[in-house]
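Below you'll find a set of structures to go through.
There are two complexes below, and they share chain A, which is joined by chain B in the first and by chain C in the second.
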Partner chain A sequence: MAQLSADNHGLRLVVRYTVLGLIALIFVFPLVFMLMSSLKPDAQLLSDTRSLRAFLPVGDISLDNYFDAFRRAPVGLFIFNSVIVTGVTVVLTLFICSAAAFAFVFVDWRGRDLVLTLILATLIVPFETIAIPLLLIASKLPWLGFDGLTYGWLNSYQVQIIPFVADGLTIFLFVQYFKDLPGELIEAARVEGASWWQVYRRVVIPLAGPVLATAAILKFLVMYNQYLWPLMVVQEERYRPVMVGLQYFFQLNRAWGEIMAYLSLITVPVLAFYLFLQRAFIASIASTGVKG
Partner chain B sequence: MASKFTRSNSTGWLMAGPAAVLMGLFIVLPFLFAIGLSFTNQRLISPNPTQFVGLSNYSQLLGVGLLTLEPERNEAGDVVRAEDGAVSYPALRGYTRNNPDYPQLDGMREWFSFSLGESRTYVLARDVVFAKAVVNTIIFVLVVAPVQGGLALVLALLINQKLRGINVFRAIYFMPVVVSIVVVSLLWRFIYDGQSGLLNNLLSALTFGAFPRIDWLGNPSTALGAIIAMSIWQAVGFHMVIWLSGLQTISPSLYEAAAIEGASKWQTFRYVTWPGLRNTAVLVLIVITMQAFALFAQIDVMTSGGPLDSTQTIVFQAVERGYGKQDISGGSTISVILFVFVLAISLLQRWLTREKK
Partner chain C sequence: MTSLRLLATSIAITTAMSSAAFAQTTLTMWYHGAGNEVESNIVNQIISDFNASQSDWVVEIQSFPQAAYNDSVVAGALAGNLPDILDVDGPVMPNWAWSGYMQPLQIDEAKIANYLPGTKGVWNGELYSIGLWDAAISLVTRQSYLDELGLRTPTLAEPWTGEEFMDALAKAKASGNFDYALDLGTAWTGEWYPYAFSPFLQSFGGDIIDRSTYTSAEGVLNGDAAVAFGNWWQGLFEDGYAQATQDPADRDNGFNSGKYAFSWNGNWAALGTLDAYDDVLFLPAPDFGNGSKIGAASWQFGVSAASEHPEGASAFIEFALQDKYLAEFSNGIGLIPATASAAAMTENYKEGGPLAVFFDLSEAQALVRPVTPGYVVAAKVFEKALADIANGADVQDALDSAVDEIDADVAKNDNYGF
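For the complex of A and B:
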């Protein structure tokens, strides 16, 4: 009997892992195809789709597509733009939203509840429903820069950054987290004569590591993958981020190998970052689910 | 914590002010603008002053009408038939162009039609493309919300087992979520390709060549379905993780009690797991619905709304008009309509899944 149930157990394990593995294949095959195709010349790339060779690094393998992609478009510039826009937005968001949440949770001020309610109400407004009027507003806003006072934010970094540095979800995440911190700690610091800035900087922020990571990861994903907004507000190459830069590869003669190389180039760093910080990524998404 | 040490109006406004001002300027103001502009003829750049046009943007987009026509008859009263036996009807143009008897149909075009007995009923719309966009978006939402939510729950239940290495599978299922939808859409264009597409090659290999090759994105009857399948593939891992966090809030002692009572797997799910997931279910449905209504990038990269408007969507139309044609008022009107949809569906889902006492 013992022997039989052990076999049974073993068999069930095999079935479970097989099911899990087959599902994993469904999720991973397009990405494997992308990586492998980026290494192949166009003719082979197309003919390989008829067999499993599409998913294997076989045949005429080289990095030529990558070099060609850099020759075809200012790929380095696009990556630089995306890094600037994403990086600056993440840093500003963490600062502005954590400060706001600090004020909502720890400071007692007139208008607090009303402002917080309004901010949380924006969660039901999808970005897509305000994108068009926002385009009109962005085309008219003043900006004080190196060229003095100018009007219209189209084709700039700030138009890709500033509208996104304060958002309801990030503030909500900070508020939820701060509520669980011991309020007596903050009051004690105040009683001892610490300024509000010192309390924020030396007491609360050092305790906020997990929520800072969560907010940073979510914002990073949203900003790096943004498409609709930069498509509308950035026509000049100088400010183009990677997702909009893709258009270069669809003009004139279309080279699939180069497209695959470009896609790999802009995706692999994110995937590597994700696999490296996998637990934190998944915890970030899970924490957005607490709001039910 | 109401003490003199925590009370400070200036600190409150100083710290919350930047976020409040930015959100006012970039979320609340454009939202109010969308409503205001939808009653005007505002364009991005225009030499003429903006005018108030009342509800005409809305009636232009949402105007629909019905027209039932009897077949044409000859003098003897018999139905006129073409050589192939098809019944012929009077031309629609006679009713939709300056016909004083049908002022409400003026300027409309045929959306679709159906026959009842000998008569034929035409459903007309003032803006047929937008009407199709609304229907496509609703189909997309109605399919994606339950299917993606359901599959995500199945995956979450699979991942929730205690198995060595289960986190590896969780990480893999979640992987497409971190990849840009633009990148995913491009990759799937290759999978759906009518010539060397991976899907056609796979189906033809599995059926030994019996399955005909289909241009999945170039065929009006398969294009929307293809985009639905890909969208689910990309986002299902996101909701799997949300379900998982819901599953982990269910107390293990409930499962132990169920096991002691001798409950079957289905009974355990039905009476322990599912009741514990009620709040998660509401959240998952609302989030998927909101994301699904915003369908844009897939369309822009894969089909541009074609073939034959079979993949037009509300947001794609808003962008095409508001940005492409610089018709800010038209785009804003579509945005307002979209918001009303999203709000209505969220309220409906909340009501349907409310706690029953």
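For the complex of A and C:
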């Protein structure tokens, strides 16, 4: 009987890992196709698409597409711009949205529920509907920089960052998470004389690892994939992000190999960020798993 | 004392030189060619030559990728951030002029008297833009295919009739040598549809909008001629001559790898085809009863309405209209030079050159797309109607709907000033 049970368990494991392996393959296939295609000349790339050769490093393999991609566009500059814009936005978003959620959940103030409802209502407003009014505002806003007081934020990093440092979805994520934290912890800290800032900084944020990681990943993806807004507000190449840069490769005679090389290059920061936060995410769960 | 005089003189000269330098006014320019190294190099060379040729103006360029360019200009106009000089796709120019994004050019029109008609952007009787090149489409095939299929080689003077064209497709299909008889390039969406396919409609006797009034498409896009065109168009797909949806890879490489007997394609792809075969033919469009037609007008230079220095911007554009630059663009990116004298300076378009036929096609058959601000909407409506018909929609219904949509847009915009 015990032998039968062990056999069943083993069979279940085999089936489970086979299914999981197949699903993983399906998800990995596009990435493998992209990487393999980035190493092939266009004619071979196109002829390989009808067979499994598309997923294999066979035939005329070289890094020429990567060199050509760097010749066609300032790839490094675009990646740098996107990393700066995305990185700063993620950091500011985590601070501002978590602080806002903290105020909504733990601090008692008049009109709190109404304001939260209004913020959540913004979730149903697509960005495209406010893009033009936002453009008109951004084109006239003052900015105090190295050149003194100037007007108009077009062609800058701040115009790509500041409109996105607070959003309803991220505040909602923090609010939901904070509601599940034990209220006794906050009460105890307040009784001990901690200020609201100290409670936020020393009690709530250390317990918010999972939601910080989740919010960071979601925000990173949204910001890294920004296309419409930078297209509207950035006319100078030196501030262009990667997704607008992708259009450099869509000429009438498309260089598919270079497109794949460019896509492979701009995918690296996304994968790196995800892998980095995946570990932080797991560590956060491990360290906060005892709270219940 | 002598030293003091020398010092004073030096200061005076330095100040004068600085004043001269400061007297130069910067002109900003937006261009659609980012990512195209050859094109960018030529534009940069023209700017460099212009800046060195005089002391009044300095042109500074900002390049955009083509796919993002139009949206960037519209956003720039909304934000009040347009440059002095911009380039504009020919059929879009009337919309930008009507929208107040552009102002008429201040150039000597005698200089463009011998330019190909498709390179002149005229709206409301005024010249708003001028192109250094044009583009043209031809029916690409091989002499060996025509010989094998027993087909007459059509000429500019005697193109194929509609019947001859359909006979050629039927023979190509019956030969069994090809996946499809005709590569229409349906993988390319957007402006390709009105640019490449509306000339067929015009050859049938229809049009996207009634050019006598520019206020309605009624009768021209859904009349008898247009319905005949629609039935013919639908038949191409129902009879298996062409694909309603096409793999982009087939568009890029299909004809050159022998999948199609004929390809409806532009001169920008011609050099690749010449590399693939040694007996390539670039044939004129078939005549469906109202003459052979192909599209015209490509990218052109213009002056933005926001420019405070239209005379400087126009001076730059006039400077760019030199045959040597027209020839350089043609040699670099394969497009048709705007003048015969520039064509004679090129490798491909000089008399006897491998692409010279495109200059003749452009001169003889080119018809600009409807010159109206409403074209940008009508073009999208036309594209949708053709895609619907290709996928089996009722021809009359699809065309009637397109007419309703175009007419509603024209009415909503007060007839676009017509």
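We adopt the following convention: the second predicted complex is superposed on the first by the 228 of 292 C-alpha atoms of A that agree within 3 Å, B and C clash if a C-alpha of one lies under 4 Å from a C-alpha of the other, contacts with A are read in each partner's own complex, and residues count from 1 in each chain.
FYI, a contact is a pair of C-beta atoms (placed from the backbone, for glycine too) under 8 Å apart; a residue touches a chain by one contact, two chains touch by 3 or more.
Please read all numbers here as calculations on a predicted model, not as lab measurements.
A.B. asks: Now for A:Leu212: first (chain B), second (chain C), both, or neither, which partner does it touch?
C.D. replies: In the superposition, A:Leu212 touches no partner, neither chain B nor chain C.
A.B. asks: Contacts for A:Glu237 in the overlay, against chain B (first) and chain C (second): which applies, first, second, both or neither?
C.D. replies: A:Glu237 sits against chain C, while chain B stays out of touch.
A.B. asks: When the two structures are laid over each other on chain A, which of chain B and chain C touches more residues of chain A?
C.D. replies: Result: the larger residue contact count on chain A belongs to B.
A.B. asks: Would you sort A:Leu20 into first (chain B), second (chain C), both or neither based on which partner it touches?
C.D. replies: The first partner, chain B, only.
A.B. asks: Just to be sure I read the superposition right, which of the two partners does A:Val88 touch: chain B = first, chain C = second, or both, or neither?
C.D. replies: Neither: A:Val88 stays clear of chain B and chain C.
A.B. asks: Going by the contact rule set out at the top, does A:Arg190 touch chain B (first), chain C (second), both, or neither?
C.D. replies: first
A.B. asks: Please work out whether A:Ser139 is in contact with chain B alone, chain C alone, both, or neither, and reply first, second, both or neither.
C.D. replies: A:Ser139 sits against chain B and chain C alike.
A.B. asks: For A:Thr49, select first, second, both or neither according to whether it touches chain B, chain C, the two together, or no partner.
C.D. replies: Once the two structures are laid over each other on A, A:Thr49 reaches both partners.
A.B. asks: Examine A:Ile79 and indicate which partner it touches, taking first as chain B and second as chain C; both and neither are also allowed.
C.D. replies: A:Ile79 sits against neither chain B nor chain C.
A.B. asks: Determine where on chain A the residues touched by chain B overlap those touched by chain C, and list them.
C.D. replies: Comparing the two interfaces on chain A, one with chain B and one with chain C, the shared residues are 46-47, 49, 132, 135-136, 139, 231-232, 256.
A.B. asks: Give every residue of chain C touching chain A within the complex, in rising order.
C.D. replies: The touching residues are 30, 34-37, 62-68, 71-72, 75-76, 78-81, 248-249, 252-253, 257, 266, 268-269, 272.
A.B. asks: Taking the touch rule as given, give the residues of chain B at its contact with chain A in the complex, in rising order.
C.D. replies: Going by the criterion above, the answer is residues 1-3, 5-9, 11-16, 18-20, 22-23, 25-31, 33-34, 37, 42, 44, 155, 158, 161, 163, 166-167, 169-184, 186-188, 190-191, 196-198, 201, 233, 237-238, 241-242, 244-246, 279-280, 282-284, 290, 293-294, 296-297, 300, 315, 318-319, 322-323, 328, 331-332, 334-336, 338-339, 342-343, 346.
A.B. asks: Okay, in this complex, where on chain A does chain C touch?
C.D. replies: 42-43, 46-47, 49, 71-73, 132, 135-136, 138-139, 152, 154, 231-233, 235-237, 244-245, 247-254, 256
A.B. asks: Could you list, by residue number, the parts of chain A that touch chain B in their complex?
C.D. replies: Its residues touching chain B are 13, 16-17, 19-21, 23-24, 26-31, 33-34, 46-47, 49-51, 54, 96-97, 99-100, 102-104, 106-112, 115, 118-119, 122, 124-137, 139, 162-168, 171, 183, 186-187, 190-191, 196, 200, 221, 224-225, 227-228, 231-232, 243, 246, 256, 259, 263, 266-267, 270-271, 274-275, 278, 281-282, 285-292.
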